[in-house]
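In this document, chain identifiers A, B, C, D and E correspond to the written order of the chains, with residue numbering beginning at 1 in each.
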């Protein structure tokens, strides 16, 4: 029975993807991409990966969606079109992509039969980290270096986005609200955030033992902050302002501090003393959630537009 | 480091240290006077250091210097000409605005050319060879005139080609050798055994032929040498060209011998000898005539080395070196003389012109001059077949060329009779002229194995004399055909190469279009996909 | 799972410092604000250089590779950092170039008028340090996904550097660079996924033992290599490099050309020579050699055609990295010898280092000349040798190293590659190397000729350019030349930590 | 036929197809925004392949191997940052600002 | 007891599904944007409400049920705001033209 649902889901995904590619109008292509992101979340549920489903819908569907919608609004009519492709060119590219997909399919089908997996190793190590959710254990204990670097990647992207501001406005306030604000949006911005924050904190807290975690919670919190800014209830912060910078850098700095403490109290960098493993990880997760929320919101808000008040 | 080894080390290192000192502005401003001193250690080394003297440096520099018979002879002549030309340049360049630049390039070229005669290991031979050729560029374009610039560009293009050929030859030579930087002698020893023998010899001949200026690779020489200031062209024509000669002497397997390649070298040499004369006769400028005379003389040298290679007799190297020294001194004196004639007038002009006449004819082989000595010394080597006949004809040809030069020089005198050359320029010229007579005479017994007296016998005089008369006769014949002057432009074949210019430009435009197309986004994307399929398919099918 | 390959060695924590120190500096600059950026950066440059030298000393002293298992979780579950001889050399090279560029930028930004805005300065320091950390991870990382994150960190640090001056055309170049590099990273990530699916581990050493020529590995390696080629801008995929490296400010393009494109090349080297089984390595090596040769010849001619100085140097970069790709067939190693014992391995490593030093010196020197002349049209740069003698000398020395003229490092590298080509019997590669040298001579000489020429128009005044600015470029150029004197053969620094690996695959 | 119909293989093949579609979108579309969308589809396809690998590696009480899941989460966040930077560059291109 | 709950679930969930079907049909068939908006917001919200009601008895714990209700409330809130915004946007476009 579930097979039927899977086939329908895969068919839906592929048709939506083809529709996104072939759709001449930019805006509807992006809206189709939004739907594609949400369907993808279902696919991840079918692949028994709830953590990833949450991340995909929150960041892949929601975050990227609003990013692309704002981009489309800014670029409509003004964006210059690059080299258009001749018909035979498109055909050649299509054939090439088909060949790559076929090769990929062949590789996927020819995987070794007793699938090699690190699940048992992850399960053994779980007790040392004191966590219940294996994915969070991998993210924050076994491969903590990846998560640390990935957090720096997000910050670097933000610094890169900020560097695109005009010299005069650098460090100033990004333009989030555009034009007058419709009343229902203001109403929603007053009602929804409390619920959003509660859900975000809950997702971060439950992340240690059940699906949830830093990035998903951070995205929800970022969404709420964006909603408030879009509705004009709160003006976006100054990018060079101390509070924002501390919020952004706070997460990774705490992470690094605890990591360096690992030299003294545990047996090496990014190692946690056995007794304190869970509280330390939760502290890191809390700080990271705040930083992720601030970083994602600022990434969507974009570079500064108005000059800073020195 | 024993005394001779220290002196030997001073040959390249003294001028190099002078060049490095030029980094300080104070020193560079006053370095012009030191030009004459730079080659003196080399002169002393050539005379004092016993043959076969060795100097080895500690690992980081991996430099070994060795002084053998031909090296010493060449070094003596070269060092003398370098210092004389240095003195000449010191007085000529006293007020030239670019003299500081000139000095630095002069020291570097000097280091390279003198070092080449004494260097013993492969890598440093290539290093000094490169230094000599690239630094010479600075001397060529010194006057910044458009022809100098054009000559410089052609010179560098061909110099880089020569270096590329030499590099692959040296790499193939040293490929099998365990030591990273082997000695030249040991490497040439097992050259005969190496499978790539023919390839290596061909590349060496091509590389050094390009440096010596054998036809058809000579095109840069008639353009570059006249473009340089007088002392620089004297040194370029006299010594720097000999880099090719010492290269052939060092790297050709004389002991094992290569008959086929020997005859090839002889053929090229003969063609070059005649070609130099035929084109030289049609030239109008004195310096260009001298440049073509160098091309022709290099042809003769190539024949000598070719014979040595064909008959597998290392003695030819010594004779070639002796002939080369003669050419160095006479050609250097001629170039300096041309510079002096231009500034002398009246009675003193006739005296200088007379001396120039003697020098010119000695190149043709006039009895009692170094030319005669050189011809007599190399006579036994050439044997009595068609080759000897061809060589004597070439000697007559060069006499013809020299007479043509003297006719051109006749109306080179300065307008008012009172002007006389500066002492600083006249004295070095006299020294070189004297040396061109003294040194060959003193070396003759050592090289040819017969006492100097045997030269004065009537049949020796006649053996050398009749080509001279033949040359004079030919000159009378050619004299009546004045239309020939300026018929062939300077650098002859290079003009043909110029016609190839639009072809090269269209090819590079073609590549430009391909690049523009390749850098469009869809094309690059398609390239990416095609590469992925190609690599993936190849790996999957074959593995 | 397989026996634990990695055990933390005493010097291991140095690797962590090399990786994490610049990251801490980036965060410190973000937290403390723009005014402190230069001071923090200078301190980190010094500390980073010290760490790199310490790693090399530890390598030479212990004669074995340094390893560090992060968080005490052994691979395949956890991540390990490992520095062998080659990585040590790369770390020191990166440290040298980054410190030199940092000093150059410090003086440049200290000037009154040409100093650049606060935005430009702060962004440059943060991006330079992030870039340094990413490079260090690429050179010491042992985990494929960790290397993916490092590649992304590298791209995100490099893209803002391209459009640092805020002009629209550099923003366009930056966007094209970002998108093409993104495709490259995603293909690389796809390859990582396939490898994990097939072998269940992401650790390079473990993969070297497990890898067998089966379809999944072939497709994975093909995708990863092509993805890395896109990021390294080898010949057919070089669309983004010339505008990006020419548009960036001088100090940024020096780091981009000298270091950033070396990371993907280093990874390809590790993938083909360490992970790929014999037959696969041979085939991939052949294709890469053909691309490398095409890159040398095609892009050298393009460099000769360029009218603008920085575009010419950018095209010369694409040409010179071609040399690094012809190393693969030469270093494939016969039956007995393994790749790192062949002279091509030493030649390739030396070419990597000497190109980095020479290219950064050339870009810095070009930057000074452009700053004084106000434009970079080669035709109107007549006589810059007299106006800026030190910069012209730096440019000349760097050019000599690129051309491969003795005694420079470039010459020794080219000699080793030529010897390898002669011994291994690849005549067409030998000819390519020589032609490449000739063409390089062509385009370098074109500029030296301009330097020595006497210009008709009066020489611009060099008032705004302090001597210290030129000395950094000269120092790098001299380092490139002195590299030729470093005795490589006797104690085999580049072979440290490699001999012990029993490569099952080869 | 049954081998291909397990969820992991089905979604793996769907991922492969999405990689093809995404790559086609990125390479062949003239508009810059469409290329960024193509990149995201390409990323989604790649992560589905990771998902299939994770699902095959179920064991020790987990429905799916946690390591590839963690990799995908990190990958999604990095892809989002890349899209954000690309969008910011695109907006910078679109706004007519005198070259400061 | 469980028999009754199952019947109720089947009935309610199928009714919800029917409403969704009607909403989708409305979306496809109706001529202009405003009427399509009307169809979607009405049918889907009611449909979702019925499905949630139908699933309530199946939930193991009270917390689960409460979560379902929260989901329904949030869906209501966002659907209402979204349709208002869309209607306002359509109205403004019509006014500009």
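The working rule: contacts are C-beta pairs under 8 Å (C-beta built on N, C-alpha and C of every residue); 3 or more make two chains touch, one makes a residue touch a chain.
In this text the structure is predicted, and so the values were computed from the model without any measurement.
Under the contact definition, chain C and chain D share the contacting chains A, B. If each chain is reduced to the average of its C-alpha atoms, the one that sits nearest the average of all protein C-alpha atoms is C. The greatest number of inter-chain C-beta pairs in contact is found between A-D.
Taking the mean of C-alpha positions as each chain's centre, the chain lying farthest from the centre of chain E is B. As a whole-number value, the distance joining the C-alpha centres of chain A and chain E reads 28 Å. Spacing of chain B relative to chain D, judged by their CA centroids, is 67 angstrom. Chain A and chain B have Cα centroids separated by 71 Å. Annotation: 31 Å between the Cα-based centres of chain A and chain C.
Residue positions of chain D touching 2 or more other chains: 19, 23, 26-28, 32, 36, 49, 52-53, 56-57, 67, 71, 74, 78, 81-82, 85, 89-90, 92-93, 97, 100. Counting partner chains per residue, chain E has no residue touching two or more of them. Contacts with at least two other chains are made by residues 77, 145, 149, 152, 156, 159, 163, 166, 171, 183, 190, 194, 197, 200, 214-215, 219, 222 of chain C.
All chain pairs in contact, by the document's touch criterion: A-B, A-C, A-D, A-E, B-C, B-D, C-D. Every residue of chain D that touches chain B in the complex is listed here, in rising order: 23, 26-28. Per the touch definition, chain D reaches chain C in the complex via residues 19, 23, 26, 32, 35-36, 39, 42-43, 46, 49-50, 52-53, 56-57, 67-68, 71, 74-75, 78, 81-82, 85-86, 89-90, 92-93, 97, 99-100. Those residues of chain B whose C-beta lies close enough to touch chain A in the complex are 520-523, 525-526, 529-530, 532-533, 536-537, 540.
Within the complex, the chain D residues that touch chain A are 4-5, 7-25, 27-34, 36-38, 40-41, 44, 47-49, 51-67, 69-74, 76-85, 87-97, 100. The touching residues of chain A, when paired with chain B in their complex, are 82-83, 85, 89, 92-93, 96-97, 99-100, 103.
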